[in-house]
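Can you read through this structure? Questions will come right after.
Every chain is named by a letter (A, B and C) in the order it is written, and numbering of its residues begins at 1.
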Amino acid sequence: MLAHIVKRLLLSVPLILGIVTATFFISHLAPGDPVDLYLQPHGQVDPAVIERVRQDRGLDHPIHVQYVTWLANTARGDFGESFLLHRPVRDILARTVPYTLLLILAALLVDALLGITLGVVSAVRRGTRLDRAVTLGSLTLYAMPGFWLALMLILVFSVHLGWFPTSQATSLDYADLSVFGKLLDRLWHLVLPVTVLGVAGAAATARYMRGRLLDVLSEDYITAARARGFRGGTIVRRHALRNAMIPIITIYGMSIPLMLGAATIVETIFAWPGMGRLTVDAVVGRDYPVILATTMVAAVLTVLGNLLADVGYAAVDPRVSFDASRR
Amino acid sequence: MLLSVRSLSTRFEANEGELWPVNGVSFGVAGGETLGLVGETGSGKSMVALSILDLVPSPGRIVAGEIEFEGQDILLLSRAEKRRVRGGEIGMVFQDPAASLNPVYRIGDQIADVGRLHRGLGRAEAWRDAVHLLGDLGLQEPEKKARAYPFELSGGMRQRAQIAVAIAGRPKLLIADEPTTALDATVQSEVCDLLKYIQGEFGMAILLISHDLAMVTDVADRIMVMYAGRIVEIGHWTAISREPRHPYTKGLMAAIPHLGAGPDQPLGGIPGTVPDLADLPAGCSFHARCPEADEDCRAASPPLEDVGDRLCACYRVERAR
Amino acid sequence: MAVGRFRENRLALWSIYAIAILILSALLAPILAPHDPVAIGDVMATRFQPPSWAHPFGTDEFGRDLFSRALYGARISLSVGILAMLLATSIGSLYGAVAGYFGGVVDGAMMRIVDVWIAFPAFYLMLLLVGVFEASVPVLILILALTAWPATARFIRGEILSLRGRDYVEAARAMGLPAYRIILRHLIPGALSPVLVTAALTVVGMIGAEAGLSFLGLGISPPTPSWGNMVAAGKDTLASAWWISFFPGALLTITLISFSLVADGLRDALDPKAVDQKYV
């Protein structure tokens, strides 16, 4: 098992390297000089200063030298300095990535709980009005653009009902709250963004779960389980669900990049201080060091998601074994 | 009689119209005996098995008949009572153990689950019983096999495991639907021996269903031949083997030397194939393939009647006076 | 058969009608639009009007008729989405077909590229590309297609692999037909059903992505209306003028649901097994 994980990790190194390399060269295709962009806000700058900044950042070297330097720095965890924020990118990432992870993990939880429940109910009550409602509802939510859903939720739950805050991860008076109050405050701020992110995922999961469960329920071992006298509920829970869930795990791993993409928009709308909003701001402001770094983090998270899905798959499906000696 | 099936009819409604895979079937199984049910693929024999447990898959439905088990009609039982009968009173072995064992649970757990459900055993007790059953059914290193997943066992071992699941509730009747068909020829006879052993050891009645007459006669005391949803001949094997009366049974007997013939192969002595259940000929369903058919056979379906030492459904066989 | 099955699927059929109406309205926007979509008149007198007979979708902060803007927005949103889909599907099918046909080392090398591409979080790739290149409409289409083709390629390759062993393909090869003719004449048409299904799904992704980028201000820039930037334009006045964001987003949602239902319907119609499982 461990050997397999290590092997998979090693195999993902070239994948991440490929993504990072592509990102580096794409960002250097950009018209315009990054130094100009860096110094732009300061108005007219002495050409000598420009040259010094250029040398300082190694931008006077040919691109392949720059690439190697950048790669070496990145490997050491040095992502350079943000053009816009004038701070080390590493510090910026350390502050923003946890917020994005929190958002995505919470959304995945909603996705799993809601999606699997609805999918199972829909499959078990197949053909009923409830099934049709769930099927159509999940299709609608799945197709609905997240940013619009977000705005509509804000319109109803924040503007009209005033139940949830519209932006930020914490209230202004967060520092003065008790420990419990702080937790509550965080949860309160999570509700709307997580709903937007999680509901779309849940819709996809429900659709997939329904189909898988219907497939499994038509298997011989389900008929066999009925012939052994098990209750319908027991059969679904104990005999069918585990089989149906196995492929869901793979879908989950693959949903990480989708979630990251959706999170950029959700974070922007809800002013969530995460990596997604940081990336959008960096793209608007052409803050290349930040773009490079966040893209790499996103790629690493994607690859990790797939790896976790793989390991999870092996953990629940006895037919997949990493360790050949076990047989 | 442990089990008495009377005038059982099961109907399917498909796009092409109605099908009657089980069409007025009556028979009984006495405690401790083995009844063999023989017929080609599509004769409705598997549907008889599922009907007995009231597990006919949709869009099929039992439309008539009684299934009396120990004096009670299974069809009239409550859901909970039916669940008690399934697995607890009547165990079932399916054709393909690879498909009918759950791939993600250990063999031992699947056996123990049944013991816990029907015999109220505790977790540890049920596990011990599972290991014991596996050993009893001839698996080497039963503790290890109990911890294995279905995919880790060979076909023959899987079938033994499935039989262990079926008898873990210590049923009084075991229905085995084509228990050897999915297995290698060498393993087939082992499974037959196993069924005989179970009968002796646990005193269970067995309803053995197969297309393979030779296999059935190796195990069964009585034989029942089914064709296109109806029973055409039923009686003791000693009587039938001495002199088959129904033309279809004669054909089946003539085919016996061809051991291992697949279920879809036309039978040796009989030209033609099983008719489409959706498009049965008028009269006796067998008349198109029957060498002895005449006008009567084309006009009406012959009833199952006492012809002396057995029951037979054929106008060409003289009934007992 | 397949057409008949598709027709039986009422939801998919309605979706086709909805899409037809949307495309037709987009094409006829200059005739249908009651007002100029970009011209700004007496701002103070006309702005922030709620929906009415004169302005079915209301007016925006500059007093422009949102119904007219939505019609013109449909032109952009639908054409960008559909053209990007056509491009992605063409590139993806061809690439997948070539990899699947040749197999072996060629296939291995080609699919590794696809693997890396797919591992790239798609929206991040789009953000990177729109950040680097000025997002004119053609460039935006190119960028969208660039992120979408690998998924199609991977899927079509699988289909081609299963087609490759078929008799008619073997026969074509035995006759000495050149590879490009076998791929174009036999393999891609043979895989037409999966190509159609992926195409329908790709449209959903492309229209959604364009809307997302435009919403962030990185796709189609105002004053040219696209549904995405129209929704964005109303987000700060949500409390006082909900209609600015509501209508274009609703149209977008209807469009995306319709294409999804068509994709579902196509898949069911072209894969009878799936339908049987559904009803038996």
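The working rule: contacts are C-beta pairs under 8 Å (C-beta built on N, C-alpha and C of every residue); 3 or more make two chains touch, one makes a residue touch a chain.
Predicted model only: the values in this text are computed from it and were never measured.
Asker: Given which chains touch which, is the overall layout a line, a ring, a star, complete, or other?
Answerer: Topology of the interface graph: linear, an open chain of contacts.
Asker: Quick check: which two chains are joined by the most contacting C-beta pairs?
Answerer: Ranked by C-beta contact count, first place goes to A-C.
Asker: Cα centroid separation between chain A and chain C, in whole Å?
Answerer: Using C-alpha averages as centres, the distance is 23 Å.
Asker: Rounded to the nearest whole Å, what is the centre-to-centre distance of chain A and chain B, using the mean of the C-alpha atoms as each centre?
Answerer: Chain centres of chain A and chain B, defined by C-alpha means, are spaced 54 Å apart.
Asker: Could you please state the distance in Å, as a whole number, between where the Cα atoms of chain B are centred and where those of chain C are centred?
Answerer: Their C-alpha centroids are separated by 55 Å.
Asker: Where in chain C do residues touch two or more of the other chains?
Answerer: Answer for chain C, listing residues that touch two or more other chains: there are none.
Asker: Flag every residue of chain B that touches chain A in the complex, lowest number first.
Answerer: 50, 53, 55, 57, 83-88, 91-92, 94, 96, 99-106, 113-114, 117-118, 149, 151-152, 162, 165-166, 169
Asker: Of all residues in chain C, which touch chain A in the complex?
Answerer: Residues of chain C touching chain A: 11, 115-116, 119-125, 127-134, 204, 208, 211-212, 215-218, 228, 231-232, 234-235, 238-239, 242, 245-246, 249-250, 252-253, 256-257, 259-261, 264, 277-278.
Asker: Could you pull out which chain A residues touch chain B in their complex?
Answerer: 219-221, 223-231, 239, 242-243, 246, 316-319, 327
Asker: Name, in rising order, each residue of chain A that touches chain C in their complex.
Answerer: Residues 15-16, 18-19, 22-23, 26-27, 29-31, 136, 139-140, 142-148, 151-152, 154-155, 159, 214-215, 218, 256-258, 260-262, 264-265, 268-269, 279-280, 282-284, 286, 291, 294-295, 298-299, 301-303, 306.
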